[in-house]
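Here the chain labels run A, B, C and D in written order, and each chain numbers its own residues starting at 1.
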Amino acid sequence: MKTRLAILILVVLLALLPAYAGKYALYVAIHILLLSIFSLGFNLLFGYTGLLSFGQAGFYAVGAYGCAKILLAYPSLLVGIVGGVVIAGAVSLLLGFLCIRHTRIYFSMLTLSFGMMIFSLAWKWRDVTGGDDGLVGIPRAPLEIPGLFKINMAPMENYYYVVLAFAILAIYLFYRIVHSPMGLTMQGIRDSETRSVCIGISVRKYRLLSFTIAGMYAGLAGALLPPLESTVTPPLAHWSHSAEPVLATLLGGVYSFSGPIVGSVLFYLLKDIIVRFTEYWQMCLGIIVVVLVMGFRGGVVSIFSRKGGQR
Amino acid sequence: MKAIIRTESLGKYFGQMAAVHEVTLTLQEGLFTSVIGPNGAGKTTLINILSGYMLPDRGKIYFREKEITRLGPDKRVKMGISRSFQVMNIFPRMTVFQNILLPVLSRLNKTSSAFSSLQSQKEAVEEAEKILGEVWLQEEKDSPGGELSHGDQRLLELGIAVASNPQLCFLDEPSSGMTPIERIKVLELVKKLASERKTTFIIVEHDMDIVFSLSDWIVVMNRGEVLAEGKPGDIRENQEVRDIYLGEEI
Amino acid sequence: MSGSKKISRRELLKAATVAGIGGMTLGLSKVGEAASPKEKPPAQTKSTKKILGVDVIKLGGQGVISGAHADYGWQIQAGAVLAIDEINAKGGILGSKLELKFMDEELKPAVAVKNARYLATDWGAHLLFGVDSSGSAMAVGPILPELDRICMFDHASTHRLTEELVYGKGIKQIFRIAAPVYQESNLAALIFKDFPNIKRWAGIHCDYEYGYSVWALFKDTLKKYRPDVEFVSIAWAPFWTMDFSSHISAVMAAKPDGIIATPWAGEGVMLLRQALMLGVFDNIQAWFQCMGASVDILEGISNEVAAGKFKDKLWATARYIHNYPDTPENNKFVASFRKRWNRFPNYSAENAYSTIYVFKAALEKCRSLKTSDLIKAMEGLKIMTPAGERFFRPEDHQAIYNVPGGRVVKDPNYPIPVLGDLKVFPAQAYYRNPPFEPLAMAK
Amino acid sequence: METLVFQGLVGLSVSMYLWLLAAGLTIVFGVLGVLNFAHGSLFMLGAYFTFTYYGLWGVNFWLAIALSLLSVAVVGYFMERFFLRHIYHLDHAYQLLLTFGFILIFDDAAKMIWGGVAKIPAMPSFFEGTVSVVGRPFPFYNLFIIGTGLAVAIVVWLLFEKTWWGKMVRASASDREMASAIGVNIPTLFTGVFVFGAMLAALGGALGTPVRVVAPGIGAAMIIQAFIITVIGGLGNLKGAFVGAIIVGTLSAYGILLFPVFELFLIFLIMAVVLMVKPQGLFGG
């Protein structure tokens, strides 16, 4: 009951954010929501299925480029976002088929290389992706269902609500998934692959499902980006971008539902604040990462829940 | 009586070494069967092959006269064959209840249900609760499996194996690492489950007293081959068996 | 592990968490409160003393100050700081002092956009400038109308910024003080059209938009004057190329007479040094290094130039060269820059320095901090800068000024190499003019 | 044909830097089980130290390299002794995270100490000049690099196959408990192996100093290539790292010559194909 109340208060606070926060805070909030969605999906693969992907930025970029191409051709926000997610899902299903045959460090390296292949493709296939300059001038198209309604998205507040709605939906669905029989099955595979096989579970099928869902979450985060920034560029697919959900999730805590979300908030704000004060932001971030790993390995959330930690 | 599992000239080789060689066996439904033999006799390899965890290099396996030689372990579970492991193999981060619930869900083909809550799976939940009772773990229901005591983890391992509601269940040293008193309790529990659930158990076990008092049928292996099989009384009298267990009281 | 250690660790964790959460809320509240008042238009007329209505004019700059290209951001910062200190020492602009905040762009468009948003809407910058990479510029440009700020781009050189975004899409908040990408490619073509013996050209280029544009424009322009030249080989080098030996030997396999190359910063130095090692300068007649007259590259090849290893075959330009033009403005700038920073200014530094003086001129002209007024003041502005007279073309907001190309030579008056044998062409001869047509850039 | 031979030789010399980098990475992974993200930063530090001793202070080139190896050995010692040692029992993810933190720290530290300008000192004069290979000039220095790379390969092989230390290292790589039972001091050995790996990386960086640039961030740029090489060869396998480095170096060189447009794509493609056909890498067990 307490938790529900807390969640309700949080949602209300978030819903009222445009009333008390400025434009930049809204912009930051949108980015934190995107990183949360991104990290949540990553953690389905890592924390719940036991597969450390280093290529999630690839699917993020597929979602972003997919949405951008759609919006440039047909300016409807919903079509763009849903389209981006579907394309990212299709690509992750395809690549997942090749990746999930491997586990542990080999899986990580394979996802890294596929992610970087997507990066190279975005960089090189200039007729479609615009090369390193990327696609520019992507409209923040109106939210519309023909014949029903049409909402102008030009004000940042309006778009914030769209992102918030998608984020709440994504988080809710995620909660349902990880607490469902399918979520339990994935955790079983994470805990013991051999045991799972020997109780009749088709391990590859659920790894592939997990991979595809994680890809769609990355795609959703990516698809929500172009209407905000009006630009998409190849660094979105780079491995250093794949490291962001990894860092955020490990910061927040791998084995808790809220870990990736808390971690995203911390990670984004930490960097945002550090870069204002010093040009040596890398050093500060590095020290924080080292201290966190040496100091508490269960992530921030574990301090409150006592569980988690070593593995 | 019917044969529940039958093998023809099974062989599994690691380089020069024959872990299992020319094993032709017919095991009967309903007979509590033990596989014994000295260390390195190939008992665990045999169970690995029969449960599908390893594929044999030679030979054939029939389950209720259907050939299953090349089937993967997950397929065999669906046919009614399950197993436990010698080295503990539970789900350490999941609760004890979830450890049992998962194989039940798998048997009921509910694992792909993505949006329903676990509590809403009434049939599975009830069955998992029942099994928890059967293996005496109701008290530990909500602790993570990995935090149980050794003895309780062995019980959990057993619980997971029977949660698939198998017709045939292999137990690889279900009492290893336990005190003598615990062992007797566990093996009596297995015997009880066998009669209540109509499951045929095939176990690998070291404690000869227990083996001879509980088993209906005993298979003796040595160096990958079947040395002898028969009723406990016959095995006890077998000179070859006595030789390989030289000095040990059997 | 002992019990006491465990406890102390837990204490540490708690302390860290509390600190973390504290910092977080602080950050959020700061973000929240600071943003709202500053979103109002920058021109306020609260104070009667100040003509512009503010005590300080806030300048938000950015450039890359981390990683291998960190010197470019440093140069931008150094140039801007020098100009700001000079202006503040003389009382500021119309009585308002200047204040600078400079951020790391990381060569990542997403970061550049975030910086611009932070600087404009949270920190309260009145004017923006900087940005090193073209991708970042193309990403920042389109959000300027929403931010209602002018941004002076002083390094990013893609022609698309001014041609597509300003001329094509009408984003009037974009200005560029630096010469665009075709300055080096067209200039090279104009120089080498007069070398009848150089017929076979090869390229070693950055594997991104900048390299593609230079190669395409160079080929187009040179072909117009010299139908007899051939383009025999090309190698593309991505960011972070650690070794150009393979690229050099690949193009040398085609036996070119001349090579034109775009890698910049440390990569440019490495390329030239490795070309020396592979004996390239014994087998070609000319090498044109597009950004080769940038100070960091001249510093990096100083010994080799002094030893005559390039055999006077190395040509270069940049978007400003410290030994051109020989005017009081330039001599004074170079002298004060050297005095302040103990180095020579590269083109980013001059561009940033001049940016601040362009802002000064525009503010003094329109006496307003309003973006629309500033745009009017800057369109068509003519101003004397160290690099020479600049003219902001109203159609695409591109500054037009002359930069020569020349041979990289040693001059006893300078500790580092300079450009000699200068070839000066009027800017009109090599600037692209409206209406712009997109470049065909088949590789 | 001559073009292909020449290009292959150039590619081979490029491979040797990659080999030196990948060798340490793969040894450390094989023995300690740690995938060191910051291994490339040790390469960078090797170059910076050499630049400082040789380029700034005018120390003899060979001495400068030796000093720089020692300096990086000290850095490696501190990394292992005070940080990595305490997280061996954790998941790979935490090791990646910790060493990622080190990349950030080393990069900014390098910028603080040496500035943002790329550094490249003068070439030692005895290395200048070229030899003619298939009628084209080939630098002495590249020949020297190829020779050094091969020599290091032989020395490392001898070290691991023929010496007592090497045997202990291999024993503890295959079975930590067993090695400790027969009296191997595992913590000390691990420190030794990590320091050795760090010195190999430093050697790669140091040898590149006169001809390649050193700038903050080159470590992070190199490490991905090194990862790919070790994965192609088989993680923890020295022979694999050697072959992997040569494959990546020469194929990239040919890629630049023959398919300039797809060069960027090539290396990731090779890795994906190898992993799909041979999941444990070419020489992985």
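Basically, a contact is a pair of C-beta atoms (placed from the backbone, for glycine too) under 8 Å apart; a residue touches a chain by one contact, two chains touch by 3 or more.
What you see is a predicted model, and the numbers here were worked out from it, not measured in a lab.
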(request) Please give the intersection of the contact partners of chain A with those of chain C. (result) D
(message) I'd like the Å distance between the centres of chain C and chain D, where a centre is the mean of that chain's Cα atoms.
(response) 34
(message) Centroid from C-alpha atoms only, then distance chain A to chain B, rounded to Å. What do you get?
(response) 43
(message) I'd like the Å distance between the centres of chain B and chain D, where a centre is the mean of that chain's Cα atoms.
(response) 49
(request) Provide the list of chain D residues touching at least two other chains, using ranges where the numbers run on. (result) 107-108, 111, 261, 264
(request) Among the residues of chain C, pick out those that touch two or more other chains and give their numbers. (result) 65-66, 207, 238
(request) Using the contact rule from the top, write out all pairs of chains that touch. (result) A-B, A-C, A-D, C-D
(message) Looking at the complex, which residues from chain A come into contact with chain D?
(response) 46, 52, 98, 101-102, 104-106, 108-110, 112-114, 116-117, 120-121, 123-124, 239-240, 243, 246-247, 250, 254, 280, 282-283, 285-290, 293-294, 297, 310-311
(message) Under the stated contact criterion, what part of chain A meets chain B in this complex?
(response) 173, 176-177, 179-185, 187-188, 190-192, 194-203, 206, 209, 255, 307
(message) Taking the touch rule as given, give the residues of chain B at its contact with chain A in the complex, in rising order.
(response) 51, 53, 72-74, 77-78, 82-83, 85, 89-94, 98, 101-103, 105-107, 110-118, 121, 124, 144-145, 160, 163-164
(message) Looking at the complex, which residues from chain A come into contact with chain C?
(response) 20-25, 27-28, 31, 123, 126, 131-134, 136-137, 229-231, 233-236, 265-266, 269-270, 272-273, 275-276, 279, 281-282, 291, 295-296, 300, 303
(request) Quick one: which bits of chain D touch chain A in the complex? Just the residue numbers, please. (result) 35, 83, 86-87, 89-94, 96-98, 100-105, 107-109, 111-112, 220, 224, 227-228, 231, 235, 261-262, 264-265, 268-269, 271-272, 275-276, 279-280
